[in-house]
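This is the structure, below, for whatever I ask next.
By written order: A, B, C and D. Residues from 1 in each chain.
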Amino acid sequence: MTRVGKYHLALIGAAALILLLSLVRIMSGQDDLTSSGTFNAALLLAVPIGLAGLGGLWAERAGVVNIGLEGMMVLGTWFAGWAGYQWGPMAALLAGLLGGALGGLIHAVATVTFGVDHIISGVAINLLGPGITRFLSEVLYGEGTSASAKGAGITTSPAISSSAPEVSLPVLSDGPDLLGKLESTHWFLLSDLAGILRGVTHDVNALVILAVLLLPVTYLVLWRTSFGLRLRSAGENPWAAESLGVNVYRIKYLAVVVSGAFAGLGGVFLVFVSNKYVEGQTQGRGFIGLAAMIFGNWRPGGLAAGSSLFGYASGLQLRSSGEVSAVTSFFLFGSLLLLIYIALQVRKLVAPGQPAEVVARGVKDYTVIAAAAAGAILLFWLWRTVETLPSEFVYITPHVLTLLVLLVASQHLRMPKADGVRFRRGDQH
Amino acid sequence: MPAGLNRALLTVAGAVVAIVLAIAISSVAIIAAGASPIDAFAAFFDFGETARSVSNGIAAFLNRAVPLFIAGLAVAVGFRMNLFNIGVEGQYRIAAICAAFVGSTFTAPKPIQIAVIIVVAAVVGGAYALIPAIMKVTRGVNEVISTIMLNYIAISLSSYLVRGPFTGERAAGQLTTTTPQLPESAMFPNLNFVFDWFGLLPPTRGGGVWGFLLVAVVLGLVIWVVLERTRFGFNVKASGLNGPAAFASGVNPKKMVIAAMVLSGAIAGLIGLPEILGDKGAFNSNFTAGLGFLGIAVALLGRNKPVGIAIAALLFAFLDRAQGALQIADVPSSVITIIQGVIVLLVVIANEVTNRIALRLEEQRAARQLGTNKPVEVAA
Amino acid sequence: MSSDTLAAVQPAVELEGITKRFPGVVANHDIRITVEPGTVHAIVGENGAGKSTLMKILYGMQKPDEGTIKVNGREVTFRTPSDAIDVGIGMVHQHFMLADNFTVLENIVLGAEPTKAGVLDTGKARARIAQLASSHGLRVDPDALVEDLGVGDRQRVEILKVLYRGARILILDEPTAVLVPQEVEELFQNLRELKADGLTVIFISHKLDEVLNIADAITVIRRGTTVASVNPAEVTARRLAELMVGSELPTPETRESTVREDVTLSVSRLTMEAGGFRPVPKGTSVGLYVDKLREEGKRLLLDDVSFDIHAGQILGVAGVEGNGQSELIEAIMGMRPAHGTITLGGVDISAWSTLKRREAGIGYIPEDRHRQGLLLEASLWENRVLGHQTRPPARSGIWVDRRASKADTERIVKEYDVRTPSVDTLALALSGGNQQKLIVGREMSGEPSFLIAAHPTRGVDVGAQAAIWDHLRNARAAGLAVLLISADLDELIGLSDTIRVILRGRLVAELDPSDVTPERLGGYMTGAIAGTEET
Amino acid sequence: ACGGGDGGTSASTQPSSGASSEAPKGGLKVGLAFDVGGRGDKSFNDAAYAGLEKAKTELNADIKELSPAADGSNRGDLLRQLADAGYNPIIGVGFAYGDDIKKTAAEYPDVQFAVVDSASNGPNVTGLLFAEEQGSYLAGVAAATKSKSGHVGFVGGVENDLIKKFQAGFVMGVKSVKPDMKIDIKYLTPDGDFSGFKAPDKGKVAAEKMFQDGADIVYHAAGDSGLGVFQAAAAAKKKAIGVDSDQRQTVKETDLQAVIMTSMLKRVDVGVFEFVKAFQGGAKGGSNTVYDLKVDGVGLSTTGGEIDDIKDKLDAAKKDIVDGKVTVPSKP
């Protein structure tokens, strides 16, 4: 019952968001807010974050904190590049997975077998990942190696022999491209929807589909299978699980190795995008993936929302090259959101059927409404007056947005109860 | 007490085994790279042939250790309370640029000028750390996410400042953007005279051995005293060991989060100062980044205790110093990072293992004492 | 199968010469027990006697250093609990082993999940649980979250977990410690049904009347060794107690009243919402606001709680766990905001911080010493400082006065008979009873005028229990006001001057301990007897 | 593409390579310290290394090159190590060396230093400066002339003053052809965050938007992120302009080669080699050597022949600059 309710609430929320976006687009004339290009970019940028986050989700649901995602992702990129240039994309995929899984294995040995503090192990892996890959590059891609002749350098691998396939939704976003046509009409709501749909269905890398599928798959595996139940029990109460005959060590090992593999897959994706390994191309996405996972309350749906938000904001940021940047429309967006909030609050205050003197109408409520109103006016004024933001303020759009959303909605996060706890077989708890 | 001695010996043995293992693992890597491990390890101790290069190498080594040590302290203060301040990175960046700018706007006698700069750095670092602290206590925002995001924001913000409001004059043809040059009175005196004591040539490198080393030592002492001897330190320790118990004992967890985070940020604010006051004389776009992240490793390796952090910082700095020496010996210098990572991992693993061995030894002792146990008289 | 006929000849469990050592402790030494099938076999012994350790060995959670285990006549060695589960052994642990964030169903099926193509078959599981529940009279809601359940429900979930795995031999480690008499009786009814179905139950308790009530055979363990096997029909509780401790059980009798005129602590109209505290709007009285909350059907954790405690009085609060005791404590300690007024010695302290309240003379023996009372990884003297950071002897300016703290810890160690090598020992090295004595000593320091004692002797052995009772009694005689919360009804009746019963956040009855039995008290606690609303 | 530039605008003399009066006796020992990324980056650092190698083969120099730590914190120490090990001259690659070279040069007055992309700041320091803005101007002219849509773009890796030189020149070049042309400009990361040079995905997203908005040629100065720009161009069937080296040759993917209309060359190799050669000839520091269009220190590559048809126009533009008729600003 409640779950269905939540699900519907999420749908309604998404619909309201799109409506609002559409409104903002019409008002500001920034078509890029809902263009297919933006959403395509958002998808591209969200996928590696989402994959890293999924890695985090698997590990932390089994009770192992994984701050080493970044290092595992780095391993994934390097091995993907190394295998990819020799044997093609499939090999890249496999090698990247294995590379990440190797990082996961190290983490598992340290944390599960030896009971090392999870953060320490993760930090060590974040040192090791870049160290090992750089070392391997120096050895294998150095001057005079065969790879070097194929275009490798210390900081890059040769290009992958052939790139991963890209697909589009036939008719709708390809060929006749009906969605594209609809999008270019710039109608209210309809074009926005078309843009969003086309963005996520046009020229989509095969790995994106895999990555997106992994979200529901993760949900099904972790929340619908017996394996998932055991895995989550290792994160909630491993002592109970152990006492029921669950092999907690094995579960944790598996979870952490899968975690590394997913982070590695995120690396593979980055390699596919640039068609080769480039040193430093993970750009801290392991950390952002971790953040997205916490943002998403250790759940696949929330993680998807978190990485999408980040991907969307980054995409918009990177695409705002003109004089008037689409990013300024966020002022308008925020202003409208605050207006809606005020309206809801006011309605609650004047709602009939409650004796006036008993209504919880503290000073605090009024202050909040007043502050919201002031904020709305300020944001609206900013939107009207600010033509171009200093580019430095544009770069931080995704980060600021994430912080703002967290400020509004982070009260109810609940992490697995035994997350980060070192578990020893036979110990009492 | 024999059991205690046993334990201490085991710990030392564990650390030694860990380092030997780390050396073995990196040797494998070095051999795989087609180089000689002996050359490689010689390179770590090879400070050059001339007296000048030796003292320069020592200076480079010590100068690297100073910011690492401060970064480790900053991270450790948070960890002591189970607060994971990944944001040291951003905090020191913002603090450095603000301190460098403020320091350049006036001239005062050296002690005052330097003190003002240090205070500004600490205040700015603390203030920047206050943001995630307030977000945590008022809205429950996880400090891991907020500080990660604030790190990115700090980069953009400092870039904006150094190119905009805080920008300084620079010579024609110089592309590095920078804050105004600090007056001479802001530069921290160096410690080169110490070399004379040991009959060594003082280092010639820019600034020599940074005098800020002394500040770091004092800071380490102060932090040790604060954490181990004061009521505040007791509260930090209690909150870290057992939050609910600390709460029940009257410690206000919100205040503690804010205090610990701000203290951590204030210390973080100082990370950039040795470089600025000892060498660069300004904050510029090539300012050393990443010390905050290294600080995490240093703090963890040093077990969040000032002495341990000092040892860890020296070890990391010692390894880092060999960057050039290794290349001269034709060994891939990335082996340094590998050694650092492996040591962090192995030292903690060794620690766990020795703990377990100690426990088992105690169990055996118990078994031996079984003979001396009085048999329980069976009634009825 | 032939197991029934076999069982008639073969004992269900045979333990031979089991020995288990921990660092510094020999938990089990040459234990011998034979459990006949289809019986309830009780194991009794004081705290730390080694009962739990033995059962963990039988359940494969710990490996014995020596000795053999036979199940149904066959010798077995267990590497993990699943080996024990495989031969039909199930265990309900002394502390709940449940994942709070899981549903009842998930907790029950964990490790033995019915699946369809790898997917959890909840339908099948639900049916099986319903069937087990009805056939053994264990009602549960399979979809409820465990964190929302009370202790009785949790206990049933634990038993269902075991039954669900088809266990024929059940180990119950102190299942009654947290139950009220009515619930205990309910549990015993279940056990009898299980026994009738041919199951074997190994039952651990140190409540001797319970043991005599349910057991078919009793084994007594003292200091890790089996000292006697007795037939419950031929033994009295008194005799059993002597076997356990070698001396008589102490009683918490405190009859002569020391209650004085002056009210030390006065609580009035204390109310706490479930959904989080919201301040009462301006211009509204607390009463009106609370009425409105009630009207709206908001759940109240504390509902209009008022009482006074006089100097020299012990007010006992009885109640099934989870009925607002913790919230009451937290409200008085200032750890959780609530509506209403609290005065200490006539001063309104409602708005004070926890620290200020402690400084004003409130002591607090927390219900869970490991969670709220101790820094396990810190030394004893540091634990002495905890809660007294701002008061002498611990404080000197901004510093912690280590010398004075250590000296005062020495005093506590001596006065309260805390058995420890030194005050620098880490708290985790002490046994539970000694830890508790340290806490009691600490909370009695600094001359408190009011003490909250929550389960002051829970899980503490007989000797320590008597000592703690003595200390409480002496302090009471010296004028200390005490709020005593305990699940041990004998303790409650024996120590209190007045007993109030708390049910769903309300004080529902005021009883005179001199004419109340545990059974009647249990009736009030469960709501079976309607409360005598306070006047 | 271009012949070796000889000499600089402000270099005092042009001694011939053989005649050396003050060349060190024990042979030529040249040290070089790379920018972050190090040797083998197939770009800026490797270009410098190519010059060094040429010095090795042609001038018989003993060479040593060192890469800094990932955070670049030890640039100064590398220079000192080279000096202590007897290397002279010593070259720092990248403007980030400016400060360190200044200090080190003061400490080692007997050693000659050079710094790429930064001005001389000591009597024994030679600044090897490149007129990126001039080369970029030509790139702008080429882009504007070739553009059919009247809309071009520029993607910079990191928003620092070096990359802004590229932008300034490019914009002016474009405007010189069509003043009302639309130019999209995007940087990937702020100054101080050098990850913008290593983010092909970001480059791709930024360029994609430009192409979607109608741009048909995008010029990049974004290091490895330029790969993304090429990919976006290939996907949109549009063109891109490479940077630093002749990327039509260094990029190995054939589909990407095809979109690289031309590349703005920055002959760091020439700069390094010429400096070593001049040193051997006894040249002293204290001045800058500017590698500009006049000496072909910058220019456009012609591999693929895509700009052959506008050669006249480019030559004219070049001539205007060389003759001083047009001055290209180095700031946007």
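Following the convention adopted for this analysis, a contact is a pair of C-beta atoms (placed from the backbone, for glycine too) under 8 Å apart; a residue touches a chain by one contact, two chains touch by 3 or more.
If you're wondering where the values come from, they're calculated on a predicted model, not measured in any experiment.
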The chain whose C-alpha centroid lies farthest from that of chain C is chain D
Here the gap between chain C and chain D, centre to centre from mean Cα coordinates and rounded to Å, is 75
Whole-angstrom distance, CA centroid of chain A to CA centroid of chain C, is 44
Between chain B and chain D, the Cα-mean centres are separated in Å by 37
Rounded to the nearest Å, the gap between Cα centres of chain A and chain B is 30
Chain C residues touching 2+ other chains are none
For chain B, residue numbers touching 2 or more other chains are 156, 159-160, 336-337
Contacts with two or more other chains occur in chain D at residues 67, 70, 159, 190
So the complete set of touching chain pairs is A-B, A-C, A-D, B-C, B-D
Listed in rising order, the residues of chain A that touch chain C in the complex are 220, 224-230, 232-233, 236-237, 239-247, 357-364, 414, 416-417, 425-426, 428-429
In their shared complex, chain C is touched by residues of chain B numbered 229-235, 237-238, 241-242, 244-252, 359, 362-363, 365-367, 370, 373, 376, 378-380
In their shared complex, chain B is touched by residues of chain A numbered 106, 110, 114-117, 119-121, 123-128, 130-132, 134-135, 138-139, 284, 287-288, 290-291, 294-295, 390, 392-393, 395-396, 399-400, 402-403, 406-407, 410-411, 413
Per the touch rule above, chain D residues touching chain A in the complex are 37-43, 46, 67, 70, 153, 159, 184-190, 195, 198-202, 204-206, 208-210, 212-213, 224, 227-228, 231, 235, 250-253
Chain A residues touching chain D in their complex are 32, 35, 37, 40-41, 44-45, 130, 134, 137-138, 141-143, 148, 150-156, 158-159, 203, 270, 273-276, 278-281, 283-284, 315, 318-322, 391-392, 395
